[in-house]
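What follows is a pair of complexes built around chain A, which joins chain B in one and chain C in the other.
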Partner chain A sequence: MNVYEVFLKKDGREEFRHVGAIEAATEDLALVLARESYARRAEGDLLWVVRRNHVISAEEDFVAPNADKPHRHHDGAAVASRRKAARESSSHKVAESADEVTH
Partner chain B sequence: MREFLLAFADDEHLMGQQHTEWIGVAPFLEEDLAFSSIGQDELGHAAMLYELVLELNGLETSDPAISDPAIDKLAFGRSSSDYRSCHLVEYSTRHWSEALVRHWIYDTFEELRWRLLIDSTMTPLASVTSKALREEAFHRRHANALLDKLLEAPEARARIAAALKVIAPMVPGLCEPVAGEAEALAEGVTTGSIADLLEPLTEAANRRFAQLIDCGLVTTGFIGGGIIGGSQTDANSSDTNPQDYSHASSGRTQRSEFFDPLMTRMREVLDYDPTAVW
Partner chain C sequence: MARSWETMQEFEAFLNEGGLVEANDDMPDPYRQAVFTFIEMHANSELMGGLTERDWIPKTPGLRHKMAVLAKTQDEIGHGHLLYMVAADLGIKTRTQMLEDLFAGRSRFHNVFHYRAVTWGDQVAIAFLVDAAALLSQQAVFKNCSYGPYKRILRRIIAEEGFHMRLGEDRMMRIAEGTPRQRQMFQESLNRWFWPALQLFGPDSKPDDVLLRWHIKSERNEVLRDRWVQKFVPMLTGYGFTVPASELRWDDETRRWDVGPIDWAPLERTLAQGGPDSTRRIAEAADNWQRTAWVRAALSDGSDTASNGVDHASHMAAAAPV
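This part shows the complex of A and B:
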């Protein structure tokens, strides 16, 4: 028996998504059983099964150092708030100068 | 014509019921789902065929409030002598191996049977057929995927051989037409007799179970009474079938001993509360 990871995709939309795993004795049984276990309500139009031991995975220690780099987490919030402040102060100045003209 | 459609509908109905009875008790979880899904497909085919019978009787089937109770009445409410099922679908299997062997035989036959209807002059029947054939491809692939693997293993091979000896004698009855088939042929509703399917079915079975024939577990042939045990005794040889199912031609008018208990199981809730709303 082998463990197969199961992926589904809606035709023309989105990407293949991992939906679960299945244990099967042959590749064809993996497809047959994955179809009924994961796509019986038309959750996808395209089906992949991949032998779990064919997935090349990295060690956790190899990936972990990237969790400690907050400077790469720029969601734009700091820049956006500075731009907003700049915008507001300049429109304030415009309003003031318009006031002076009417007088 | 009614009988012709009923024979197919009844086979599908009882086969679907038998397959769905494996939910929760099939050998593994994914198989529960797959096998009872296949059973649901067969029940769907039965419902579509019963609907065609009702249309023959002039019933307006576009309103489910009218057609659903009428389909139920046809499916569950006839006297046993009015059914046209064959003994293969009435038989209650004792082992998963019997259910699997029957599944392969029935679906191989069913695909051939639908192909006789794809050019039917009865247009709604031809359109039911094209839907059913798409589903049959999965049914057959499922049965073949399991058998491909199981026939490699000696223990499974012995079990499958024992199951085949029980199921094979019922196969000629599966290919026995009803009296109404002649009329269906004359009107182009079908393009061939199901009796002619026994030969291609036998050939397909001989290819499918070649490993069993090669190692002497069974000898070949459905025609004329089924697969007979080979010289080599197998583990289940004492587990013989209680009844002789050798084929006696009756135009599908005789029910087997398994029919009444099966119908009782199917009608259990209905008998408990005939007014229940689903």
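This part shows the complex of A and C:
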């Protein structure tokens, strides 16, 4: 018997989501059991099952370095403050054209 | 193992900050055991409840309600299925071991399934009072449960239990609007089931309850029990039924219903498998397990159960990206 992880998707709206696991002897039975356990009331219209031992997993120590990459973000604060400074120091017309460019 | 904690203090600090524990975390053994025992009892209760429900499929009046009971039976057995999976992933017992323990009377299930439902009125009282009590406790667990896999599976269980509770209320209202004989039948069922349903919440939580301390449960038993009393006493009396509590009174000061002192001896007897119907129920469930062996054989490839703790394929080495 194998454990299968179960994923469901509401078509067009969400990503596939992990919903749980089931145990089955074959892939076909895994799909039937997953449907009868996790999609009893149209919780999704697309279904994946993946053998648990086929899931390649990485954990926090592997994923964590990407949480500290400020250079991959730009929150717009620097641009906004420069734009504001430009508006205040120069003519009305200059600030407006700068706005058009960024939009 | 994904995460580990040096000391219990560190682990508890993690829990107190709202941390969620996952199946492959190196959690402290007492926590693993406590969360396992809790989920195992829940799984057992779903299975025992589903078997009772099944008994009533042929006896349920009307095709629409018969189909609803069929669906409810599937839901309950399904909940058991999912919960045994989550429990097995903790690596303490396999599903087969849990079922064997249940049928040998070595593990627990909810007090209400140690009684026998003898009339349709009993089934209605169970669906109305007991399902609501179970739902109230499950919602309180779901709200803050520190064990991630249980919390996530509870979300769908609660959604389905909501259907069951509304079905119970629907049936109760039909009986309330029925003939004097039907109302009498339901009153008798109420007399049998009110106290077991109330006792499902258990006695007042102890101050040092680890289930609360480790955020497995988030509400004290007495708080949940009181919430149920405040909801169901006025509802039952509103439909003209008598709540079978001789010392029931409305406290004008606190603006609350008080059911009076609670006798916990019946609950204790069920926990020791000594309830009025415990022996028959357990034997019947064990017999059912034997009789359905051919179904499991047809669905099995002959190999043993695979879920004995979580073990993913590989753990990639940490190489920091730029």
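Things worth noting here:
The definition used in the following text is that the second predicted complex is superposed on the first by the 58 of 103 C-alpha atoms of A that agree within 3 Å, B and C clash if a C-alpha of one lies under 4 Å from a C-alpha of the other, contacts with A are read in each partner's own complex, and residues count from 1 in each chain.
Just so we're on the same page, a residue touches a chain if its C-beta (ideal position, glycine included) is under 8 Å from a C-beta of that chain, and two chains touch if they have at least 3 such contacts.
No experiment lies behind these values; they were computed from the predicted model shown.
Looking at the shared chain after the overlay, A:M1 reaches chain C, while chain B stays out of its contact range. Counting residues of chain A touched by each partner, chain B versus chain C, the larger count belongs to C. In the superposition on chain A, A:E59 makes contact with chain C only, not with chain B. When the two structures are aligned on the shared chain, A:I22 is found in touch with chain B and with chain C. Legend: residue contacts after superposition of the two complexes on their common chain; A:S37 is shown touching both chain B and chain C.
Of the residues of chain A, those at positions 22, 24-26, 29, 36-37, 40 touch chain B in one of the two structures and chain C in the other. Listing the residues of chain A that touch chain C in their complex gives 1-3, 19-26, 29, 36-38, 40-41, 43, 52-62, 65-66. Against chain A, the residues of chain C that register as touching in their complex are 2-3, 74-75, 78, 81-82, 85-86, 89, 95, 149, 152-153, 156, 160, 299-301, 303-307, 310-321.
On the chain B side of its complex with chain A, the touching residues are 30-31, 33-34, 37, 138, 141-142, 144-146, 148-149.
The touching residues of chain A, when paired with chain B in their complex, are 22, 24-26, 28-29, 31-33, 35-37, 40.
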